[in-house]
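Heads up, the next two complexes both have subunit A, just with different partners, subunit B and then subunit C.
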Partner chain A sequence: MKSGELLRKVLLASAISAALYAAPLMAAVNDQDIANDATTTNDVVSYGLGLQGQRFSPLDKLNTETVKNLIPAFVLSYGDEKQRGQEAQPLVHNGKIFVTASYSRVFAVDAKTGEELWQYDHRLPDGILPCCDVVNRGGALYDNLFIFSTLDAQLVALEQDTGKVVWKEKMEDYKAGYSNTAAPIIVNGKVITGVSGGEFGIVGKVEARDAKTGKLVWMRPTVEGHMGTLDGKDNGITGETNKSWPGDLWKTGGAATWLGGTYDAETNSLFFGTGNPAPWNSHLRPGDNLYSSSILAINPDDGKIKWHYQWTPHDGWDFDGVNEFVSFDLKQADGKVIKAGGHADRNGFFYVLDRTNGQLISASPFVNKITWAKGIDLKTGRPEYDDTNRPGAPSAADKGQSVFSAPSFLGGKNWMPMAYNPNTDLFYVPANEWGMDIWNEPISYKKGAAYLGAGFTIKPLNEDYIGALRAIDPKTGKVAWEAKNKAPLWGGVLTTAGNLVFTGTPEGYLKAFDAKTGNELWKFQTGSGVVGCPITWEQDGEQFVAVPSGWGGAVPLWGGEVAKSVKHLNQGGSLWVFKLPKAPS
Partner chain B sequence: MRPFLVFVLSSLLSPWVWADEPDPLNSPQWEFVHQRFLKGEPYQFDGKVKVEAPPDAEDSLNVPVSFQVEGLDSVQEIVVVADLNPLPQVLRFRPKVMRPNLGFRMKLQQGSPIHVAAKTADGLWHVGGVWVNAAGGGCTLPSVGTSSGDWTKTLGKVSANVWQRPDGSNRLRVRLMHPMDTGLASGIPTFHIENLKVLSQDDQVLAELDLFEPLSENPMLSFDVAKQTEFKLEGRDNNGNRIQAEVGR
Partner chain C sequence: MNKRVLASLALSLSLVTSSLVAAGLDEVKNKGVLSVSLYKDFPPYSYISEGKQSGIDVEIANALAAKLGVSSQIRLVGADENVEDDLRNNVWKGHYLGGGVTDLMLHMPVDNAFSEKVDKVKFVAPYQLEQIAFAFDTNKVGKQPTLANFMSEPIGVEVDTLSDLYLLEAMQGQLSKSVRHFDSLTKAVAALKAGEVTGIMGPRGELEGLLQERPETLQIQSLITPGLARSNWAMGIAVKADNEELVKAVNESMAALVKDGTVKKIFEQYKVTYTPPATPPELSTKN
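Entry: the complex of A and B
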């Protein structure tokens, strides 16, 4: 007994000394670093520059006056033949830049020299089933790990210094249509992820794992009727079986959480958007089809759903609902501040919700043409559908009545994250103006096969532009300014306290705009389309900006008549890093 | 006895003397191999480390190699290096409670010395070797599994057999299904088994191995075990895919 006690004391003592010893040496990322990411300027340790996803940096050395002096610092080529869409947001920590690339690759770069430190090429099977290009949107940093998800639905944790695999977990069966492209987020030591595969009749879910080991903590399906888990035990069914889904269709109901999510510490809520219900043909599944095309507020501790709001009940246009939900303070005229969240949906409406309870505050069109609904009823929170604009039911052999619908399923805004600037109080939304002919076709579920039951052709609405970066006032829903772009916008947005807005264009430019007026102040040609997410940080007293370049994503695959404005764009694959040099003294 | 004396004397006089001992195979890379894979530690060429391989490789993708270390006590670790391969290191083997013998197949990019170095508890590397001629190209070709796309169906699968040797002890041969891509074939990233443990039924570690790119596709490994007939295998590749199997007679 005595020796047991002694042993315990020795263990305790050694644990304490280990902790003391390790502290000054550690460059490890901890929960505090992640919680403070939005306000610390010398690193970027989370997707969204802070888990709320505002993509706002308090840095102001680079501003409307100085941005003209922004120059390239270095560029890293991803090399290889795998030059496809580069949609990632880089991360910066401990003198290293980490960025993911097409085909589930990761690069670590010396932040001072641009020299590659290591590269990890995930081995992908031939049979992967990504719907919309072989992209990856980024990783998460925690402890000494860089964690990212792969096209064959695995979650991989690499050592930040070497790129060696520390742990790897299979999230789902890629042969059934699951894949993964979103950046994970870390909340209180848990790595939180979604899944892709809504075009293949998978079932969406959100998962939380121990970030250090990969061990599953909880899982929450996003289609009603499916059982969630917590610590390996059943943790209640999502929703109520068959309440808003007929028959067995909920078993292959889609609602993929393919864009990941955000987190708000003030309400301790994860916000995960869900994708389209499967199949696209809505006549097969009468009802609201919960929780497809919705936002879910989830308790990060146990995976329980706190509230939900459905952007497009009974979605028949693949409007999806995964676009990011960005927490912000809505300042009202009477001086009251509401804990709100902003969301620009593929269906063309910009929503403001009360993020404590999911109540709708406002819903305003942010694109010029919306055909599927006349508006969103603020009392009921539901769309006022135009029933003539729902594509018709197919007969046993023939396709159904085709309709022209705007926006197209590529969305008034797609995955590319918007930014919110608390100084200007504006959201900066990378919007697109396009519609589609859409019709339904007979379909039945087959594992690993596309499960759409629809056909479509995308059409631009204007001759001279598709893309429009729009500044939206969340108090009024009004567009404060817009900057048009010929090709559709497909890259993320960054805004700063220097009164700047950064975003990329498929034509290859990274551009900087005046956040108040929308005047274009600076641009740089990167050599291929910019569909990645820009970041900024401070290093040795200088402000840096980084963005991946490499044209791709869903547009060249599904864009239909949009091809006219994008078919000449060349592929690439590189990380561009810019800096504002110190003023000569 | 004599080599040992020489060792003691020269270690007292000047530790760099061993670096000058000429390689019986006359490898142009020997000093590099010594520095990089033996960390420049003391060594001697020693006939007790016997390496067998065909003088000419019929198939550069599958060159059979085996080694036996006889008459050396407490072998800590054995390193196999093909000096002229673009990726020279083939494997590291820590035999623990197994005999320090191993058979395997490897890829050769060109004719090369194959050195096997066994480190004893006194810190001295005992080095043997053999020269294999090869037409070449073994390391820059895509694996069969990768070019056919079949590798996903069998990845990490293990088959094995156990035989009784004439002296009553057993031989264990395992085959691990894995493409073992070197990363040198265009467009195909490095993908290989990184480590493997052979355990007894009651989880005693019998041997540990670090495996590298030059080991042949679907590696076949032959171990000289004691009387055991049932084994566990645990390992991992550089993507974190796990190998876990129980094998036996």
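Entry: the complex of A and C
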């Protein structure tokens, strides 16, 4: 029929013109782009290379055969004297690389030429006292915005093309000790964040804001007894008031969500880990102290907690439970697939949970020495404590007994995100082997007044190495291979379908390993310690890899004896970009 | 923010920084300024009142500067996790975010064992003996209460202080349910006045200063505190260790201010009991 054909033509034409119209709008990042990030190879639009946080790229041009040809494409210096830990994961979109840097800075770079497009330096107020270096771990892309959090606890949205501020929201009062360093994530148009800072007196929470405006949608506290909100109205108390805390300690219970979280679309759950409880002395707060040192599965639509699992009930060792929870398919011997999640905790155990309900499937040591517990009981899901190795109560005026505890409070694994490769079915965990002496410190002062603190010294467990990149089989909990490193590992991991694993070292190298065997295949000296997170993407038919370089973070600040062993490492601040050139045709 | 604004900001920061470098005695006299770090929001010692720096430590710093023949420049700083951090941030190294250091910091412990741990600074001129005390409502617990009274009566503390940690485990933990935590003693005092708590445990000077005006039913005194690791400590002045001339000058000037009654008068002005430590500042220093 003529009219039908005409109609089809009109429709076709309008579809074309719609596509043409859409072309300039391609610059905007939408929910679909973020949902597909793990499988699209020409961009990296989320922290974790996909919200599940697997840090796996399906790219395979770069592989065990070709990685020897990986060469630097360009490098960007962050400039000025602000050279401290560069822990960020860059993002790539629409021909631009976005990366955050120490002191709450952001750089946008032309992905082809490496030329800086703009720089945003957040104005930090006087008198902020961040606890653990002035790092930033990355941003989030949404619409035409780049969104990141700052040391003075603000959330800032910049225009991707110009670096101009579109909106800015105060998350918390920096004067009360709050700050923020984690990368936000975007879930269905909401920007989701945690809080950090202020060891004592604060209460952790997870917040969701409208990503386009910064307006708060819901807030969920992480300590039982505190009221959550949704659209400005009360939305139920977290847990049950006073169930696992004495007195009013729940009001100042800690459980900060300072490392942000991941998201799994299949179960529609956010996964946010929580920090240790306060006060540090566990004898003062009998009970489990929920939900400290735990993982919370939260409904992103309304901020309700679906389930929780506590890694370290009644923590007495400063084992933050904030490390990432990575969703993956656990393939069982009978062919059944369980929707699972993997987590390598500060406390030295690698956990696999059923991510639909929080049930413990397995917990295996991923470090060689664990003193605080003999194991995790798979029936009850609880640790079998070794009570002789719990630091004592500080009542006496003397130094008291010193306890040696492993891992140290810096953890079998710290903040640096691991990676999961579905092809090898292995997790790649940047682990550290260290313990700590911990004792009561009677000669201690705080704000000019006598105080009872804890003294500690972190000690390496081996002479020849602290760091160990370990490949862990989630089906058995066994270590498939390890690559040792003299200094503690402090950078994130990336794995690819090219059978590769990338990670950095404080000694300044970005390294590539064979994902199956752990053989080191390639390394490059970046000039300063690599404690950032590598990414990879494809551009004009070539595969690229980028990683920030710049030594810093908590180790030089807190590391005790370990800090001495890394004292010679130079600071820096740059973004290194590598590529595998096209084979000459 | 554009780069030009930043550049000028950086410039102004560096100017501020250059004026906040701990100086030797000659330099202090040459520049005519003694820079001093004091804790902020810390009544009755150092705080802002009606836009003005006020408090006992503020006045002592001013008197000390005047004695040295210079003017004072007071920086009110936040407390870090412990005094070692405060001294690193403010006296001998400077915080890594910038801001530099000052010549002195007041309200610092004078304690031999602590001095051995913190060898980057010298602690001199102890000017007050601070001690742990209780403020309480005599209508509810009488005039001679004991700790046991607070098994059934709420007692306030500033969060994460010696008093807080002590009460949580005192009497085998039997008081822990009565402990009410506040961000600051100022807020705890407001709760005491409002009848929300029956008592407060904290440093005597702070309690007296905050309760300058109080009904007769609110009393401040020491109680018997079994197992309390430290019930008093001397506070003095911290100076960077290699600054020997300044150490000496501070010690001598403070000794003179104690001797002529200036220090006592300052404490009285804020209605805080002046308790000179056993070892007062010395006219000829042995440091």
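Keep in mind that, in the parts below, the second predicted complex is superposed on the first by the 537 of 585 C-alpha atoms of A that agree within 3 Å, B and C clash if a C-alpha of one lies under 4 Å from a C-alpha of the other, contacts with A are read in each partner's own complex, and residues count from 1 in each chain.
Just so we're on the same page, a residue touches a chain if its C-beta (ideal position, glycine included) is under 8 Å from a C-beta of that chain, and two chains touch if they have at least 3 such contacts.
As the structure is a computational prediction, the values presented were derived from the model and not from experiment.
Engineer: Taking the superposition as given, does A:451 touch the first partner, subunit B, the second, subunit C, both, or neither?
Structural biologist: After superposition on chain A, A:451 lies in contact with subunit C alone.
Engineer: Touch test for A:334: subunit B only (first), subunit C only (second), both, or neither?
Structural biologist: Touch partners of A:334: none, neither subunit B nor subunit C.
Engineer: First (subunit B), second (subunit C), both or neither: which does A:284 touch?
Structural biologist: Once the two structures are laid over each other on A, A:284 reaches subunit C alone.
Engineer: State whether A:129 touches subunit B only (first), subunit C only (second), both chains, or neither.
Structural biologist: second
Engineer: Touch check for A:464: first (subunit B), second (subunit C), both, or neither?
Structural biologist: A:464: touches no partner chain.
Engineer: Subunit B or subunit C: which reaches more residues on subunit A?
Structural biologist: With both complexes superposed on chain A, more residues of subunit A are touched by C.
Engineer: I'd like to know which partner A:393 touches here: subunit B for first, subunit C for second, both or neither.
Structural biologist: Touch partner of A:393: subunit C, not subunit B.
Engineer: Using the touch definition from the top, say if A:252 reaches subunit B (first), subunit C (second), both or neither.
Structural biologist: second
Engineer: Using the touch definition from the top, say if A:168 reaches subunit B (first), subunit C (second), both or neither.
Structural biologist: first
Engineer: Kindly classify A:234 by the partners it touches after superposition: subunit B alone (first), subunit C alone (second), both, or neither?
Structural biologist: Neither partner.
Engineer: Across the two complexes, find the residues of subunit A that touch subunit B and also touch subunit C.
Structural biologist: On subunit A, the residues that contact subunit B in one structure and subunit C in the other are 80, 121-123, 126-127.
Engineer: Report the residues of subunit A in contact with subunit B in the complex, numbered from low to high.
Structural biologist: On the subunit A side, the touching residues are 80-82, 121-123, 125-127, 156, 164-168.
Engineer: Note which residues of subunit B are touching subunit A in the complex, please.
Structural biologist: Contacts found on subunit B: 149, 151-152, 181, 186-187, 189-191, 236, 238-241.
Engineer: Could you list, by residue number, the parts of subunit A that touch subunit C in their complex?
Structural biologist: 80, 84, 103, 119-124, 126-131, 133-134, 175-176, 199-201, 246-249, 251-252, 278-279, 281, 283-286, 393-397, 442-453
Engineer: Show me the residue ranges of subunit C that touch subunit A in the complex, using the header's touch definition.
Structural biologist: 1, 3, 6, 9-10, 39-40, 42, 77-83, 86, 89, 95-97, 99, 107-109, 111, 113-114, 117, 130, 159-162, 164-166, 168-169, 173, 176-181, 183, 203, 227, 229-230, 233, 235
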